[in-house]
Amino acid sequence: MIADRNHRLPPQPSAAPGTPSAWHRFAEQWKKNWFKFSHNRLSVIGLVIVLLVILLAIFAPWVTPYPAHAGAYVDYDNASLSPSALHWLGTDIFGRDILTRIIFSFRGALVMAIVVLALSVPPGVILGLLAGYFKGSWVDTTIMRLTDVFLAMPPLILALAVASVLEPNLMNAMIAVTLMWWPWYTRLVYGMASSLRNEYFVIAAELTGTSKFHILFREILPNCLSPVFTKMALDVGWVILIGASLSFVGLGEQPPTPALGQMVADGAKYMPDLWWMTIFPALAIVLIIFGFNLTGDGVRDMLETRMG
Amino acid sequence: MPQTILEIDQLKKYFHIGKNKRGAIFVRAVDGVSFTVDAGETFGLVGESGSGKSTLAYTVIGMYKPTAGQILYRGQSLGVEAGRRPLALKKELQIVFQDPGSSLNPRQTIRQILEVPLRLHRRELKKSELEQTVIELLQKVELSPDYMYKSPPSIGGGEKQMVGIARALAPNPSLILLDEPTSALDVSVQAKIISKLIELQAELNLTYLFITHDLSLMRNVATRIAIMYLGKICELASASEFFQHPMHPYTQMLLSSVPVVTAEEERMKPKKVLSTGEIPSPVNIPPGCSFHSRCSEKSRPCTVDDPGFIEVSPGHLVRCHQFPTDTSAVFDEREILHRQEPGPVPFIAPLVDPFSGLVEGRTSDE
Amino acid sequence: MIDDNRLLDIRNLQVWYRVYGGYLKVLDGVNFHIDKGEKVGLVGETGCGKTTTMKAVLRVLPDRDTKIPGGEIRFQGEDILKMSGPELQRVRSQGIAMIFQDPTAALNPVFTIGQQIGDVIRFSLASRKSRRLEKTTIKSTAMQALKEVSLPDQERMLGNYPIQLSGGMRQRVCISMAITTPRQLLIADEPGTSLDVTIQDQILRLLRELVEKRGTSIILITHSLGVAREMTDRIYVMYAGSMVEVAQSADLFERPLHPYTLGLLGSVPKITGGGITKGIPGRIPDYLHPPSGCRFHPRCPQVLPECSAEKPSFFDLGNGHQVACFLYKRAQCRRQS
Amino acid sequence: MKLGAFLLRRILLSILVLFGISVLIFVIARIVPGDPARMALGPRAPKDVVERLRQEMYLDKPLPEQYFYWIKGVVTGDFGKSLYTKRDVIEDIRDYLPATMELAILAGFLMVIFAVVLGTLAARYRDTWVDTLIRMLSYFGVALPAFVVAVLFLLLFGYVWPILPTLGRISVGVTPPPTITGMLTFDSLITGNFPAFWDSFKHLLLPGVALSLGSIFQEARITRSAMVENMNKDFLAAERGYGIPERTVMFKYLLKPSLIPTVSVMGLDFASLLGNAFLVELIFNWPGISRYGINAMLRKDLNAISAVIIIFGLVFVIVNIVVDVIVAYLDPRIRLGGVRGT
């Protein structure tokens, strides 16, 4: 009766007789994934927020009321207006529309998240894979001690330090965060790979005489991917948060290009009179991170839960 | 004279696990084991957990490098890990693992799993023939072709083990190591798998080295049986002899512990030996006969001297002081082992060039 | 049918688990009973619902995902399913004890043996005598319990964590927790199954000695017909959520009737040799959409037309030998006429 | 004895990690474009003065040698002079560190208490409104960056509803206690100066809460899921089955194993807490080492930057050792690992 719990797994839809088409299996898989993802209604809300943010960012020049306000634009006649029908979220001290600037700043935030994850995940995963598979050898020791060093520093502090010694701009902020990010993936994959190497299917492949490449990338890697994707989905929010923190202290995107953290910091100087200058960008940060966190949870449900 | 396919001679495998004040600590998992396996037979290796039977199998298959001793496959040395063995030799020896859940990659389809050994060991197969070969392999283990597209988590434990067997069959091996292939399964499924294995053995002229803790299963599949205890073989005999005249106190203890379902079986069980104690840690093997701490027949020499492995009747060897060590009676073990009753079907596989394969280094170390 | 001797009586018990896509209808009308002083075996393969049945008796199933649509579990005449908290507490601390299947999972890894066994004694005895117990009393009771399961060096054992013990020792500790205070019924779930055959033998002998000495009833859950035969007076055979056959132990092995029992017995390898059957074709049904009628009918070699239409009830063939199979409907009629 | 060996191993490993951090910092400090000596003296300093400083700073030596001189200073507490305050960096640290420690201790304390209480409540009343409420709170709590919380607090308590002080460590009119630990709340308690204690404690509250909010919810979720997972374990069914009352099962047998994952990630959460301190101190004008550090970063004050990072590395490493010891205490499997032969 050991398998009482296992028995509570749903039955897998049995393949149709003959050869089911690849497309059919693919569609079937995604139907199931969507079912698991949408199981929690909050994940769907998160996904809606995320899609909205992405679409707004892409089409910012066409959907914002005052696209020109995204740059160096001055209109002292309309400066420091509180929210109104013309300027939904008010204007800043230069007369620029806050809503427009918030929507444009989504671009930087998303670019940062994409670039950081695209640059840090592949090397992180591969290093973890190598260290885990060659556990106990010098490969493991070298990689993991290096990882330890990076992990022994609060990531924000190190990112701040790196960003500060470089020229302050978005590119350098991305470099700084990327440098902090890979070790988390290395550690994640290391743990999985070092236990997977003792699984009999890996041993079986070794005994058959397959290449190391096959074992690493065909046998072990596919079994590590779900947690990696889950972590990536959850990390988007964190990268945006760190990016906002950097730009809050002036180490991210430089004015006049808008960035969320920078807008919060600028507005804070004029509190409480021009409260809209701070509150709305702050809420935008919360909204975007909230959306990505919920989506990330949904991805986790989709990839990692067995139903029951 | 049956052909010897596998010869194991004074094999030792120690694991270094640390050190204390007196020096390095070793787990003496396999501690001087010798036996031979004839082509076409099923050699059963029985023991409790911690007896070293799995380590022995894993050393033979090449997961570990032996600490000392020899493993010969058709006279050819296997004394290195799998990574350094020629590909042609790897092809000859295959293994079916105990845990069907862990032995198949959950992220691959059955087809992908079966294609790995085919691509490696049967290079003569063209791309177009691969699929047909996979289907044939599945048919050999009575699975329908549509299993190709299934993934391991979606099929039952028995079916997984069938796929495991198909994978072992893929390179056309001569010798298959069966490491408790059914211990994780229910008896009704076990019966199905075992009968299939017996069928395949006759059909493909396979030799089995069958490792299990289940004596009653052994009775029905093995031609010869060896019992292991703390890294050493304590009794070795043909299957029928083994069950009719068990000699070693440990064998008797094991037999008397087996739960049975018929009165006939009940009569066969040695009644006098009640099981006591637990198998000691292989780090601290008792001096003398390693079984003396649990033995009911213990006498003085048992705590001091390790008994020799004596042939008490033809082909029946026992390691116990009850059978007096008349020095003249101690044969060269290997000599005895060669004089076995004939195995069922002698089969001679074509010898392949042992050095044609790749030689790879294995960096990971246990 | 009701008599004072009846300790536990399970009638038509159904247990469902909630999963994606509906309910797993795991228990499909279980009927089971045990009398005082009886030793009863419950045999079946993985996933047949043996453990679920007995967990339902103690009401330790995860309540969130479990639904019990019907049935009753009478312990000494009272329905456990309808009991209030304190009543249930009394049954658990004084009436029934269960020895769980995996001794490693059944012991809390972060508390010492002494802490765990001590609490069992404290709450069991405290409610019985309604007074506070001395620490020394608890300790001596605990040591006595460990001694009874022949664990050496009891004093030190109390300070050990489960991880420091071998599998056999953990199993003994679990047994000692179950027998430390008097109970009427012991439920042992696969005792010793995860252990080696010699250790299993020792554990089973120990259990038998203990229950025989105290006159406790025992339900032995096992997948092994051999273990059930050596340990019990009466055996239930379970398949896919209901009982298919029940008989006195000797009777069952001499005259097995249900096609499933026959298939199972045939699959067991025997030390007298004689080869191996091909097992039972097919596999245990999907509980989400179980087969209609008799759940064994898709695998049954002797299937009749009515098998898929109707679930057979127990047909009584005398001497307590009952079988849930239409093949024996006529046999029962003949007996009665 | 076992614990001693475990601790020793852990400390040795930490020293290795600290060495790695120092190399990392050194590398970061040397990737700065431009000449550190020139930066230290400003663009108008005469060439020979710059050259002399270059020699003093060993900038003319090869990099490994430079590192050697630098690390020798660091080990003896000599981080060089700060460009900004013109004082020895070590003196600045002595002045600013206690304020941050005070803050971190409070924040850490809040994190542990609230995380465990909220997590346990959510698990105990799972699938009721309590659980839902805590879950909703945590979704927002996790999404709220500490600096946003800080800014909101500033608005709320600074202008809208001024019940708590928002700036500095102590009010102007209150006599600060004499410096013993440097932590005002502790010092005032030690000296029995209760008005000062109350005042400084009130100043501590807002930054402390702002700092810990995110981590509280993060940890509460971990506690909840660990408890829910353990609820399905056999040992819990066994304990219930043996007649141990529900309350004992919940708060003794369930809580202890469930705390292990919570405590294990506490080190990491403490790290993010320390990182957030950089922004929170800036906003609340808290004269701590983080604010000092961020000012140093904005001015490229390399000596101060490296010193601050090394200090944080050290604190983090110590916190992790403490966390490991607590986990080992909670989990005998770690403490006794490998005792049993196979």
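So that you can tell them apart, the chains are marked A, B, C and D in the order they are listed, and the count of residues begins at 1 in each.
Everything that follows uses one rule, which is that a residue touches a chain if its C-beta (ideal position, glycine included) is under 8 Å from a C-beta of that chain, and two chains touch if they have at least 3 such contacts.
None of these values were measured; they are calculated from a predicted model.
> Quickly list, by label, the chains bordering both chain B and chain D.
The shared contacts of chain B and chain D, listed by label, come to A, C.
> Counting C-beta pairs in contact, which comes out ahead: B-C or C-D?
It is B-C, judged by the count of C-beta pairs in contact.
> For chain C and chain D, let me know how many angstrom lie between their CA-based centres, rounded off.
Result: the chain centres lie 53 Å from each other.
> Centroid of chain B to centroid of chain C, CA atoms only: how many Å?
Chain B and chain C have C-alpha centres separated by 34 Å.
> For chain A and chain B, let me know how many angstrom lie between their CA-based centres, rounded off.
Between these chains, centre-to-centre, one finds 50 Å.
> If you look at chain B, which of its residues touch at least two other chains?
If we look for residues of chain B contacting two or more partner chains, we find none.
> Report the residues of chain D in contact with chain C in the complex, numbered from low to high.
Chain D reaches chain C through residues 126-127, 231-246, 248, 252-253, 256-257, 260, 330-333, 336-337, 339-340.
> Once bound in the complex, which stretches of chain B touch chain A?
Spelled out, the residues of chain B in touch with chain A are 61-63, 82-83, 87, 90, 94-95, 97-99, 102-108, 113, 116-117, 120-121, 146, 149-150, 153-154, 167, 171, 357-358, 360, 362-365.
> Going by the contact rule set out above, which residues of chain C touch chain B in the complex?
Chain C residues touching chain B: 45-46, 166, 168, 196-202, 205, 223-227, 229-230, 253, 263-281, 283.
> Along chain C, where are the residues that touch chain D in the complex?
Contacts found on chain C: 55, 58, 60, 62, 64, 85, 89-90, 92-94, 96-98, 100-102, 105-111, 116, 119-120, 123-124, 127, 161, 163-166, 174, 177-178.
> Give every residue of chain A touching chain B within the complex, in rising order.
12, 14-20, 25, 133-137, 139, 197, 199-201, 203-212, 214, 218-219, 222-223
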